[in-house]
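Have a look at these structures, which come just after this line.
In what comes next, subunit A is part of two complexes: it sits with subunit B in the first one and with subunit C in the second one.
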Partner chain A sequence: MKMALSLTNVCKRFGGVTALDGVSFDVAHGELLGLVGPNGAGKSVLVNVVSGFYPLTTGSILVDGRDVTYAPPHHFGRLGIARTFQNIRLFKRMSVLENVLVAFPRHVRSPFGSILRWNRRAEIDHALALLSQMRLVEKADQSAGSLAYGEARRLEIARALATEPKLLLLDEPAAGMNDRETDELRADISDLRSMLDAIVLIEHNVEFLRGLSDRLVVLDYGRMIADGVPDIVLKIPAVVEAYLGAAEDA
Partner chain B sequence: MIQDYLFFTGINVLLAWSVYIILMSGSLSFANGGFMALGAYATGYLTTTYGLDLWLVIPPVALLAALFGALVSLPALRTRGVYLILVTIGISICMGVGIESSEALGGVKGMGGLVGTEPWHVFVLVGVVGLFLLIVSYTPLQRILDAVREDEYVARSLGINTTYVKVVSFGAGAALAATSGALYAHYLIFIRPEHFNVMMSLFMVLYVILGGVNNLWGAALGATIMTLAPEFIRGMAEWRPTVFGLIIILLLLVRPQGLLAFRTRTARAGTRVAKWVQGKLVPGGAAS
Partner chain C sequence: MVGDQIINGIILGSMYALIALGYTLVFGVLDKLNFAHSEVFMAGGYVGLSWIALGAPVWLAIIGVAAVAGIMGLAVELISFRKFKGSDGQITASLSSLAVGIVMIDLVQKYWGSEPIAISLPVALRTAGFTLGGMTLTWLKVGILGFTLILMIGLQVLVQKTALGRNIRAVADNPASASLLGVDVKRVNQQTFFIASALAGIAGLLLTMRTGFASSDIGLGFGLKALAIMGIGGMGDLRGAVIGGLVVGLCEGLGFQFGFGRLADIMVWVLMIFVLVVRPAGLFGNATARDVRA
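And then the complex of A and B:
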């Protein structure tokens, strides 16, 4: 069976530092995978590799059965991989609406052809639909730079959805949010599952993932130390030691 | 003559736009003086040596400049920030040295006998290019360019081929600079390499930065003011560079963001937000 995402023995070295060391796991269609690990475990590096930001040192990446290991960076987005960023990276000079519109595949694929081929009303309505899904529709004409922290995070998700992705990578989407915002975000992500083939959710906070993710992959020092159902994975001594112990001390 | 001032203003507006077109995708080019020289000398050579019609040679020369611009931008775009600036300055210098050492192009003595440009030709081109840029500023292309300029990596992750976008915009800017150079040369009658030196490239960039980098009006206003303002003190020719320098310092102190800093929105939801909230719109394109 073809997997939504399949990593085989992925290694990433920066000079002498091995950030990812032989990571292999699959994400099945319809799955919401939680990727956890302490700071510096290589979670963000993994997202950067899977979204084409960093070329990997060795190993291979298959998306829906297609080998994208050596694809140029912009192909990852076109093949249906969308992502958000741990440190929010919106186009701040644009409006909220424009941040969503800019990602529509029709124009992204032929930027210069877009001068002749655009449909303002239908596109704006489509963008408003995505914004309304992320509870931002009333802010459509505001500047993206004026959004509050939680709103900016939601706009990043809306922009990612605008690329019509199959696989969505969320890099610590709840970071910096208060409890109420975190609960709302969890409900939002739950709602997204029907729109997407698969979701990979990177999170520092295990409680956020408990009950939300189908499966957990645990990274520590660039190596995968566990892969399985959350309740079982979180009881593995190595995981408790590497991750939970460290988190509780902090 | 008033006609001369208007002509040079028009040329400088076109040159400022040639820098602005490249800046739209995030690259600051100091090579446009070189592209301008390419246009001036290539068309000049063809019109004087072979007696070809100026309007016949401008399109292929502009295309040549576009290809040249795209070609040099490929290695240049691998470098970033200040390094890219240095590479483009290098292109300008190389072009000047190349012309100076070419017998066929007149070398340091210059090239003469260039005629055929009327001021209205330039005004028409200003109108056409301005209208094109105005239309672009309301299309999805403008958003994509803004995205590439603001965060190239994020733009790429959305699926935008940022290299392609930047190379095409470099080529387009080079073509416009070359066309302006051709018109300029055939108005001046006589051209020399120093007409297109690095200072020329620097002035074009200054017009855009002083006028504002976010819209086509800023570049046009910057070019107009910086062309006409020094003329007010024409009587004191030796003070002109000083006044020019003082204007630059003053403008950068008072308005570092440029005279016209606004950015045009490519789309607005406007009243559709309220309609959406009230549930009056249920588009077929809805994602759920």
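And then the complex of A and C:
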């Protein structure tokens, strides 16, 4: 059976530092996978590798059965992978609406064809629908740089959705949010599941994932130390030690 | 007459602005200075007079120059800028483009000689005109002014309203995000170079039509002034390039009128020093946006 995402023995080295060491796991269609681990475990590196941001050292990545291991970054959008960043990267000097419009899949191939494509009504309507889903429609004409932190996060998600992805990678979307914003974001992400084939959610905070994710993969020092249902994974001694050990020491 | 010098200043300023817009576009997407740009402008004059010599009407010569200059821009992008991604090799790439520009000067001089070449336009085009409120306007001046205005408005519409312009702004804002959202950054860079160079080439032809000659040594002077104008207007800001260009052109025209003579040439530098002391980010520059991008 084809998996939404399939990693086989993925390794990433930066010089002498091994950031990912033989990570293998699959994400099934319809699944929301939580990727957890302490700081420096390699979670963000994994997202950067899967989204084509870093070339991987060895191993392979399949998306919906297609090998994307060596695809250049701007192809990943077309391959149905979208991501958000841990540190928000919006186009701050463009309007909220334009941020979404940029992300629509390009069907035009000729170098100057895109000159002739004005802001078509249908595209704008679609963008507004995505903005309203992320509760940003009132802010459509503001500059993205003026958004509050939580809004900027939601715009990043709306923009990622505009690429019409099958697989969405969310890198610590709740980072820096207060409790109320975090709860709203959980509800938003839960609503997204019907639109997407699969979601990989990177999170430092395990409580955020409990009840939201179907499965957890735990990384520690670039190695995968657990893979399974949240309630079981979080009781595995190695996970407790890697994850909670630090907290208890503190 | 003061009125005449104002018109002359505005025409000169709009040439500066066209060149500065090209520097600004490229600087916006790549954060790099393209020093070959001013030589594409210079070559535009020669390419233009060649089209005219072949019997092309002016409108066709303009299109021809835009196409040839645009292709020169694509070559510069390929030779000097393609291999440096992000902010890598900012200085190396710019030096490489400087070398390309110098080679272009030599090639032009090899082919056309180092003396200025006259453009064969009907004399009537340069003398016929009318007077308006004490100003003598030739049809040529009116045409150049109107056409540069159309080009500037066209560029503004292109950048603000089309999908291509949105991509250019997205790459200028954050190339990594744009790439991940499916924007082909390499292609956007090529498109930007094409547009910037086509504008410079057209400016070169317009200047040649205005003065009657194409010469191979104008690139450096105009190019440096256009760079200064970019500094005055704010790095990477298109409005800044237009307004800065017009202000400098006007200052030079009026400086000439009021007897500064050759000193009018240093107006731009004095203006730049003054503006940068008061507003380091330039007239339209936004220091915080620049910091975010850096």
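Note that the second predicted complex is superposed on the first by the 237 of 250 C-alpha atoms of A that agree within 3 Å, B and C clash if a C-alpha of one lies under 4 Å from a C-alpha of the other, contacts with A are read in each partner's own complex, and residues count from 1 in each chain.
In this text, contacts are C-beta pairs under 8 Å (C-beta built on N, C-alpha and C of every residue); 3 or more make two chains touch, one makes a residue touch a chain.
Every value quoted in this text rests on a predicted model; they were computed, and no experiment measured them.
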Inset, instruction - Overlay done on subunit A, so just call it for subunit B and subunit C: clash or fit. - result: clash
Inset, instruction - Identify the partner contact of A:Gly145: answer first if only subunit B is touched, second if only subunit C is, both if each is, neither if none is. - result: second
Legend entry - Contacts of A:Val102 with subunit B and subunit C, given as first, second, both or neither: both
Inset, instruction - Considering only the touch criterion stated at the top, classify A:Gly52 as touching first (subunit B), second (subunit C), both, or neither. - result: both
Inset, instruction - In the overlay, answer first, second, both or neither for which of subunit B and subunit C A:Phe76 touches. - result: both
Legend entry - Partner, of subunit C and subunit B, that touches more residues belonging to subunit A: B
Inset, instruction - Return first, second, both or neither, reflecting whether A:Thr163 touches subunit B, subunit C, both chains, or no partner chain. - result: both
Inset, instruction - Check whether A:Phe91 is in contact with subunit B, with subunit C, with both or with neither, and answer first, second, both or neither. - result: both
Legend entry - First, second, both or neither for A:Asp125, with subunit B first and subunit C second: first
Inset, instruction - Identify the overlap between the subunit B-contacting and the subunit C-contacting residues of subunit A. - result: 51-53, 73-78, 82-83, 85, 89, 91-94, 98, 101-103, 105, 108, 111-112, 114-115, 118, 159, 163
Inset, instruction - Provide the residue numbers of subunit C that touch subunit A in the complex, in ascending order. - result: 158, 161-164, 166-167, 169-170, 172-174, 176-185, 187, 190-191, 289, 292
Legend entry - Contact footprint of subunit B on subunit A as seen in their complex: 51-53, 72-78, 82-83, 85, 89, 91-95, 97-98, 101-105, 107-109, 111-112, 114-115, 118, 120-130, 132-133, 137-138, 140-141, 159, 161, 163, 194-195
Inset, instruction - Enumerate the contact residues on subunit A facing subunit C in the complex. - result: 51-53, 73-78, 82-83, 85, 89-94, 98, 101-103, 105-106, 108, 111-112, 114-119, 145, 159-160, 162-163
Inset, instruction - Over in the complex, which subunit B residues touch subunit A? Could you list them? - result: 135-136, 139-141, 143-147, 150-151, 153-154, 156-162, 164-165, 168, 214, 263, 265-270, 272-273, 276-277, 281, 283-288
